[in-house]
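Okay, so chain A shows up in both of these, paired with chain B first and chain C after.
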Partner chain A sequence: MQPVQHHSRSIVTAPEKVRPVALQATSAPLVAVNDSSVKAAIFNQPTTYTIGRPIADRPVSERLFIALAEAKVWTSKVAMHLELATRDRLFRQLDVLHDPTEWADGDKPVSLESYKSFVRAIIRHSINSRPALSLMPNGNVLAMWRDGEDKLTIEFLPCNRTRWFVQNSTPAGSERTASTTPLERLRDVLQPYGAERWFNGS
Partner chain B sequence: MVARKALPETHHVMRYIPASKRFVDENGEYIGPHTAGFQLREGDNGALSVTEIEHFGDMNRATRAAAAVAHRASLKSKSLGKQAIFAWAKVSDVVAAGLEYDRELRVVHDPVDGNPGHAEVRRFTDDDLDLLDYFATEVFQDYETVAAMNLPDY
Partner chain C sequence: MVGMTNESGTQPYAHPPIVEAILEVRFASEVNEAKLRKAHDFIEKRYSDSKTELQVEAKMDFAGRTAAFADRPPVYRLTSLDQTDACVLGNKSVAWVRRAPYEGWTPFCQRVAEELIIIFKALGGPGVNRIGLRYVNRIDVPYVDHIAHYEDYLNFKINHTGLLEPTLIYQWLVVKEFPDTKLKAIVQSAVVEPEIPSLAAFSFDIDIACEVEVPQKADDILLKLEAMRTLKNTIFEAGITDRARELYA
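Right, the complex of A and B next:
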């Protein structure tokens, strides 16, 4: 899938609209309606209907497409804060991660709220490095940075929260540390492990 | 759980990890597996589901392929993603990794329909991110993609 152009509405929030059943063409002759209950039944109907199945019931390829489209549309709304190359790289990685031919039963496509946390982290902490990405089975975005044998993995949770894991070499041996922290404190809590080398990469 | 025979410590077990449990690098290329590859799945039934490679002969490329075919036969879909991987480890390394995290893991033979070499890593829980990462990067560090295994069609 190629990066999408800017859209004002996602395909999920713009359901297909159809004419009410009562107004559709019929071969029956028009007659005056005097019964008030019949009038109420006709004229109190909603003016629009949403057709189609719930997202969870749709084929995998559709669910993946919808989740990708939502993520890309949301990205377009904050695109002014992202470099074009960054946006393209994220889209490229998301596309590969949502390949329907590789999709595992039971997995969920990218969680929009988790993805928002991830992009907000890039913007807030001026992360210009290029982490590898993946998804947790619940759709949360997982980002991984490497520096030789050292490694930082962050799971981006909804509502600007993060769960992170650092593997760090020291003269005394390898350290492995895991914790959770609000997104805004990410750079501070990772400072002892050298946040710059993870976030300020080329 | 039914009592099962423990696998010899010199044997190897391999785990199927879908491509969605691998990282994708900046160029859009799949790289290694991550923690979710070792989270318990529905089909794991409370223990980490693996396949004993030596059940199909001496450890080599051909027996790994035979083990992969057996794993595929045990799936409802009977299909494997081409970019999915089979990652393998020595039973003794799995047990030793558990001890580092104060867990007495047991790797036991547990045949299932379609896969006579199926085995389980018992007493394994997936609530420790550190342990899962250790399994993904240090214990099951050798792997091969399904595409590279040249498996016969089902």
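Right, the complex of A and C next:
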């Protein structure tokens, strides 16, 4: 097999991460002579770097742009599983939530890991309703549904976990329930409260 | 079915697996900063946002314990509001990007054609030494008994024996030259990070390059792109199975 690393390839801007990243390879055999002149030659080659301030030190508008851009670029990886209208609505909601003129000092823009959990929930549970969205101070996505006096609020946590709260009317009076659950079990655990009315329809 | 786009250039698949389509034109020599800025200013209004990435060149001399730094021309990264369309303009290359949802060859090529002419005019006809057309596809497949059978979706695969089955991961890359069109194909596939719960994922990445007899004029480049697109489509359609097509229908 021919060596491939010297082939000039076209750039990609959102490279896929080949997994598992933690896979460990056995060390290459030790060489008889450590030829440091080779390394020196490599380091003596001029290398161009992109420079910029740490994200935390950048102006608010730039930090908001970066967070939004990361979320939207990540969405392209799963866009084939999303209806275009759903994607467009999500992006509009994100844009509104990150309006620099309305931004409060100290708030954090959307957490990418929380956003991933939210979008994965939409795909996994075929959620085609239109929840109101908000951001927690730590950047987690908060989705809210309302049906008369009944409410469902889900905070999407990183790593495909959710924290939810239901306020549900019963003949015996209103009841409130809260819990945390893995994203995959969301529809199951909300079934007693009528998951369909929240997740299906508008 | 001809390919990722049909002959009319519209997208035949309802849910195409394209994560990112890239068209890159590399310059034969570095263009100067003033011309680069001019090219950027000409196309800036076509995008919703433009970011300037400052570049610095560093040369480390570890033996002498010294380092020399020099400012280099910036890279301009222009993007649409939804981040699906982008143009990355630097002094060594310009690249156009279309991320999912991919709408088809015609709108992508139309944008490239319009901006290529504008940029070449601003740069004063830079020499070109490589054209690349790259499509990164992502195929999400279900597990069957805890195993994702990528071989059911890709016709191109590693033919190893049962000794190595089932594999934990795989990765392959093939480079082939096509003498009739003087194009090169760099095709690769690998297991990638899953993004959808209960689905495994692998990439199918097709990079078509023109590195010999590279056209120098914008019109000729656009003509060459048609041949590159045809080869890309041929490889894609030969590479996927009907079962994969069902995923995109």
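Everything below uses one rule, namely that the second predicted complex is superposed on the first by the 154 of 202 C-alpha atoms of A that agree within 3 Å, B and C clash if a C-alpha of one lies under 4 Å from a C-alpha of the other, contacts with A are read in each partner's own complex, and residues count from 1 in each chain.
Heads up, the rule we're going with is that contacts are C-beta pairs under 8 Å (C-beta built on N, C-alpha and C of every residue); 3 or more make two chains touch, one makes a residue touch a chain.
Since we're looking at a predicted model, the values are computed, not measured.
Within the superposed three-chain model, A:D105 lies in touch with chain B and out of touch with chain C [touch as defined at top]. Between chain B and chain C, it is C that contacts the larger number of residues in chain A. After overlaying the two complexes on the shared chain, residue contacts for A:A69 are found with chain C alone; chain B is out of touch.
Of the two partner chains placed around the shared chain by superposition, chain B and chain C are both touched by A:D95. By the document's definition of touching, of the two partners only chain B reaches A:M136; chain C does not.
When the two complexes are overlaid on their common chain A, residue A:R163 makes contact with chain B while staying clear of chain C. Of the two partner chains placed by superposition, only chain C is touched by A:E184; chain B is not.
Look at A:K77: by the touch rule set out above, it reaches chain C but stays clear of chain B. Residue contacts after overlaying the shared chain place A:A195 against neither chain B nor chain C.
Residue overlap on chain A between its contacts with chain B in one complex and with chain C in the other: 95.
On chain B, the positions that touch chain A within their shared complex are 18-31, 34-36, 39, 41-42, 77, 81-84, 129-130, 133-134, 137. Listed in rising order, the residues of chain A touching chain B in the complex are 89, 92-93, 95-97, 99, 101-107, 130-137, 142, 144, 151, 153, 163, 165, 167, 176, 178.
Contact residues of chain A toward chain C in the complex are 2, 4, 7-14, 16-20, 23, 39-40, 43-52, 65, 68-69, 72-73, 75-81, 84, 87-88, 91, 95, 116, 120, 123-124, 160, 183-184. Looking at the complex, you find that chain C touches chain A at residues 15-17, 19-20, 22, 24, 49, 51, 53-63, 70, 72, 75, 79, 81-84, 86, 88, 93, 95, 97, 99-101, 130, 132-134, 136, 138, 140, 168-169, 171, 173, 175, 186, 190-198, 203, 207, 209, 211, 248.
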